[in-house]
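Below, chain A partners chain B and then partners chain C, in two separate complexes.
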Partner chain A sequence: MSFWEKVANIDRRWIYLLVAIAVFFPMIFIMQFPVELTPEAQQLYNAIDNLPNGSIVMLTFDYYPSTMAETRPMSIAALRHMFSKDMKVVTLSNIPLGGPTIAEDVTRSIAKEYGKEYGIDYVNLGYRANYTAVMHGLASSIESIFNADFTGTPLKDLPLMQKVKNYNDIRFILVVSDNATIDYWISIVNAQYGIPVGGGVTAVSAPKMYAFVEAGQLTGLLGGMKGAAEYEKLVGIKGTATRGMDSQSLVHFLIIFLVIAGNVAFFALRGREKGRVNG
Partner chain B sequence: MRTTVPVIVAFLAGIAMVISFFFAPERTILGQFQENLLQWVTIVGGFTLVLGVFSIVRVNARAVSRRNDGWIYKLATVVSVFAMALPSMLPTSSSTTFGKIFYSIVPESWASAFGTNPGSIYDWLFNYLDSPMMETMFATLAFYIASAAYRAFRARSAEATLLLITACIVMLWRVPMGEAFLRLFSDNIPEYINAFVMKGFNMSVQRGIIIGAALGMASMSLRIILGIERTYMGKG
Partner chain C sequence: MVESLTFWDHFEIWLRAYLILSLFSFLYKDNRFYKMSEHIFAGLSAGYYVGLIWQTVIIQQLINPMIDEGKYLLIIPGLLGVLMFARLIPKWSWVSRVSLAFVIGNTAGIYLINALHGLIFPQLYDTMGSLTKAKGFSGGLLALVVIIGVISTLIYFYFSKEHKGVLGVTARVGIWFIMIAFGAHFGYTVMGRISLLIGRAEFLFYDWGGSLRQLF
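Right after this comes the complex of A and B.
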């Protein structure tokens, strides 16, 4: 077997080992390349930062646990930003598995740091089935869709919810999502009810969202772990996304190297094959 | 009868939703009707979840009772469904009628284990079993993607070469180390990638796809409302 044949048919376990090294190496030897800001992340930050202190905002946890590495840091950074401006936060999820529990765990832990009280400064509405109906329903009455919060407490017993009856009482909605729900937040809640919607999505969904950002239907965008790291930088914290950037950087470089190596081997073998046929 | 009634219901509900879109919910009967219809949809959505649970239990329990291949995994599925669902549905206090009956049998000091509150059985199972398992499954994708990129991402044609080069550039742009690398060549490269690749080629194609999909969805909705499309009833 020639050198190029060996390169073309390398055992996939070597690739797995290289990926593992690329992920773990920066955890031991910290590199910390500076995170640069994109205009979309800055736009989202500005949109929230320009709201008056004490505004009521909505934060959605429309993601499954599988994508938490990308989406959870966005939620954490956003909550820190919102609580630092004394905003009242209403959270909900359109994902039955994970979303409401993640919202509960994340919001409670961040709220504790800022001395915020449940029911007064923040409320977790939980989950209701059929997100398009939920999004439409919240426009007329939140209580008609969520008669109780995630833990079963009736909304009438929560002081914050006395002030929040429908979208008219909400200044901004930040949708952190790993699926198509964000499309409906844009097309239903922003387009039909005129509520500003910002987005935090996984890297794989981000390219699609550029069309909505440019159309003004999405006020700012965080794309993947890089987007989360940008928001962390804007808020002034070094969270898991910022720390994860080094691993992601190395893995991206490794994949590019593998693609180039695979193509070089491919062309070397094809050239040899052609030479053999012609010769 | 089995075909006509669903078509009539779909027609009336569809037409009502389309017309009521133009009326304010709080001021008109049609708007109120739309609001009620949306509430029904969430309630029906809740029942579909119950139906899903019933279906998964029935299919897997049958396989377990017949000792089909992999029955042990199906048993794990059934046990997991009940282990996650039951403790979360139990009352967390004796303030309700069900709570009073339940805590006359079970000590009320166990209340913190039930429901979905932090520290409950459901919360523990989610945080320490379900969530890590899902994250692990997703994380393994990085390994498969690296291996697949190495084996399958070949510049076999002009289009594939264009895609390959663009993908590599965007991958570099999306990480801090890559941005620093790109700035070695010119200070403006990251901004150009954002302006020309993401907001240029990418956005124009995405717009085409989004508009195409929306038109497709509108025409499909119209077909359902008019009773032309009946595959949702299991008929062609």
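Right after this comes the complex of A and C.
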């Protein structure tokens, strides 16, 4: 078997091993590749930063635990940004599995760092089934959809919720999502109720979202772990996304190398095959 | 980094690490550990969703409003839901079509407005107006590329006439735009999947590693 035949028929387990090495290597030997900012991430940061201090904002945790590596750092960076500007944060989730608990866990721990009090500075509404109905219902009355928060406390007992009756009281909604719910935040809440919506999505969903940013339907965008790392940079923290980008970059180099090697092997073997047939 | 973990913290971390490593072991070859973790995941998810739907739909949105708030009209959607189970009895399965008709009609109505008002029209306006909004030569060029991309891609999906002549050339241009879009999607998908791997690797390295250091 020639060299190129070996390359073309390499056992895929060697590739898995190389990917694993590329992922773990930067965890042992810190590399700190630079994170360049995209206009979309800057736009999202500016949209939140330009809101007056103390504004009421909504942050959604529309993601499952499986995509936490990409989405959780976005939520953390956003909460740090919002709390540093003394914003009042209302969180909710349209995803039953993970979202509400991650919201509770993340928001409480970040709020503690900034000395924020539950019920006054932030509230976690939790989850309600059927997100299209939830999004439409919140426009008329939040209490009609969520009569209690995540822990079962009635909304009437939470001081913040006395000021937040519907979308009219919310200045900005940041949707952190790993699925199609963001499409509905755009097509229902932004398009039909005119509330500015920003997006933090997984890399898989990101390409589709650029059309919404261009059309002004989405105010800024964070795409995948890179987007999360950008927001961390803008907020001035070095979180898990920034740390993960070293592994990300190294694996990307490896994949580019493998794609080139695979193609060279393919054309080399095809050239040899053609030569054999002709000669 | 892990600090002063309790017994249950260690237990949780080790259980998670075991399940992650069991699932990753499939990359080498199929095995019992992988199968067991896969079955645990499937079983837990199914059980969780049954409990969740019972709590968040049946209790929260049907029983509680009827009992606590006297919203007895909710009995109608409740009955429509029950009718869906008629599918389990072949003789009575036609009854479930009543519920299905309601669901389809309702969904089509809601989603049509969302799609037209929220997606198609704003995107159409923006594409049509992109040349007038464009700033400078490069902005104009980009807007032109967008317009050509949209039109040629739409023509590629026009199948009522054979793709020949001008139609064929435009459709071939459309294929190029579709391929570029697929490339962008593939690149982002790679990043997404690697991010998931990094997430699990970080857990193994920092959390499980921290637990290991503390225990040994």
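By definition in this document, the second predicted complex is superposed on the first by the 279 of 279 C-alpha atoms of A that agree within 3 Å, B and C clash if a C-alpha of one lies under 4 Å from a C-alpha of the other, contacts with A are read in each partner's own complex, and residues count from 1 in each chain.
One rule holds for everything that comes next: a residue touches a chain if its C-beta (ideal position, glycine included) is under 8 Å from a C-beta of that chain, and two chains touch if they have at least 3 such contacts.
If you're wondering where the values come from, they're calculated on a predicted model, not measured in any experiment.
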| item | value |
| --- | --- |
| Overlay on chain A: chain C relative to chain B, clash or fit | clash |
| In the superposition, chain B vs chain C on chain A residues touched | B |
| Touching partner for A:I237 - first (chain B), second (chain C), both, neither | neither |
| Chain B versus chain C as contact partner of A:R108, first or second or both or neither | first |
| Chain B versus chain C as contact partner of A:L51, first or second or both or neither | neither |
| Touched partner set for A:I188, first chain B, second chain C, both or neither | second |
| Which superposed partner A:F24 touches (first chain B, second chain C, both, neither) | second |
| Which superposed partner A:A203 touches (first chain B, second chain C, both, neither) | both |
| First, second, both or neither for A:G262, with chain B first and chain C second | first |
| First (chain B), second (chain C), both or neither touched by A:P39 | first |
| Which superposed partner A:P96 touches (first chain B, second chain C, both, neither) | both |
| Chain A residues contacted in one complex by chain B, in the other by chain C | 16, 19-20, 23, 66-69, 96-97, 128-129, 132, 203, 207, 211, 214, 223-224, 226, 248, 251-252, 255 |
| Touching residues (chain side chain B, partner chain A) in the complex | 25-26, 34-35, 38-39, 41-42, 44-46, 48-49, 92, 115-118, 122-123, 126-127, 130-131, 134-135, 137-139, 142-143, 145-147, 149-151, 153-155, 164, 167-168, 171-172, 174-180, 190, 194, 198-199, 202-203, 206-207, 209-210 |
| Touching residues on chain A, where the partner in the complex is chain C | 13, 16, 19-20, 23-24, 27, 66-70, 96-97, 127-129, 132, 183-184, 186-188, 190-192, 202-204, 206-207, 211, 214-217, 223-226, 240, 243-244, 247-248, 251-252, 255 |
| Complex contacts: residues of chain A adjacent to chain B | 10, 12, 15-16, 18-20, 23, 31, 33-36, 38-39, 64-69, 96-98, 100-102, 104-105, 108, 126, 128-130, 132-134, 136-137, 139-141, 144-145, 150-152, 203, 207-208, 210-211, 214, 223-224, 226, 229, 245-246, 248-256, 258-259, 261-263, 266-267 |
| Parts of chain C lying in touch with chain A, wherever the complex brings them together | 27-28, 45, 48-49, 52-53, 56-57, 60-61, 110-111, 113-115, 117-119, 122-123, 125-126, 181, 184-185, 188-192, 194-202, 205-206 |
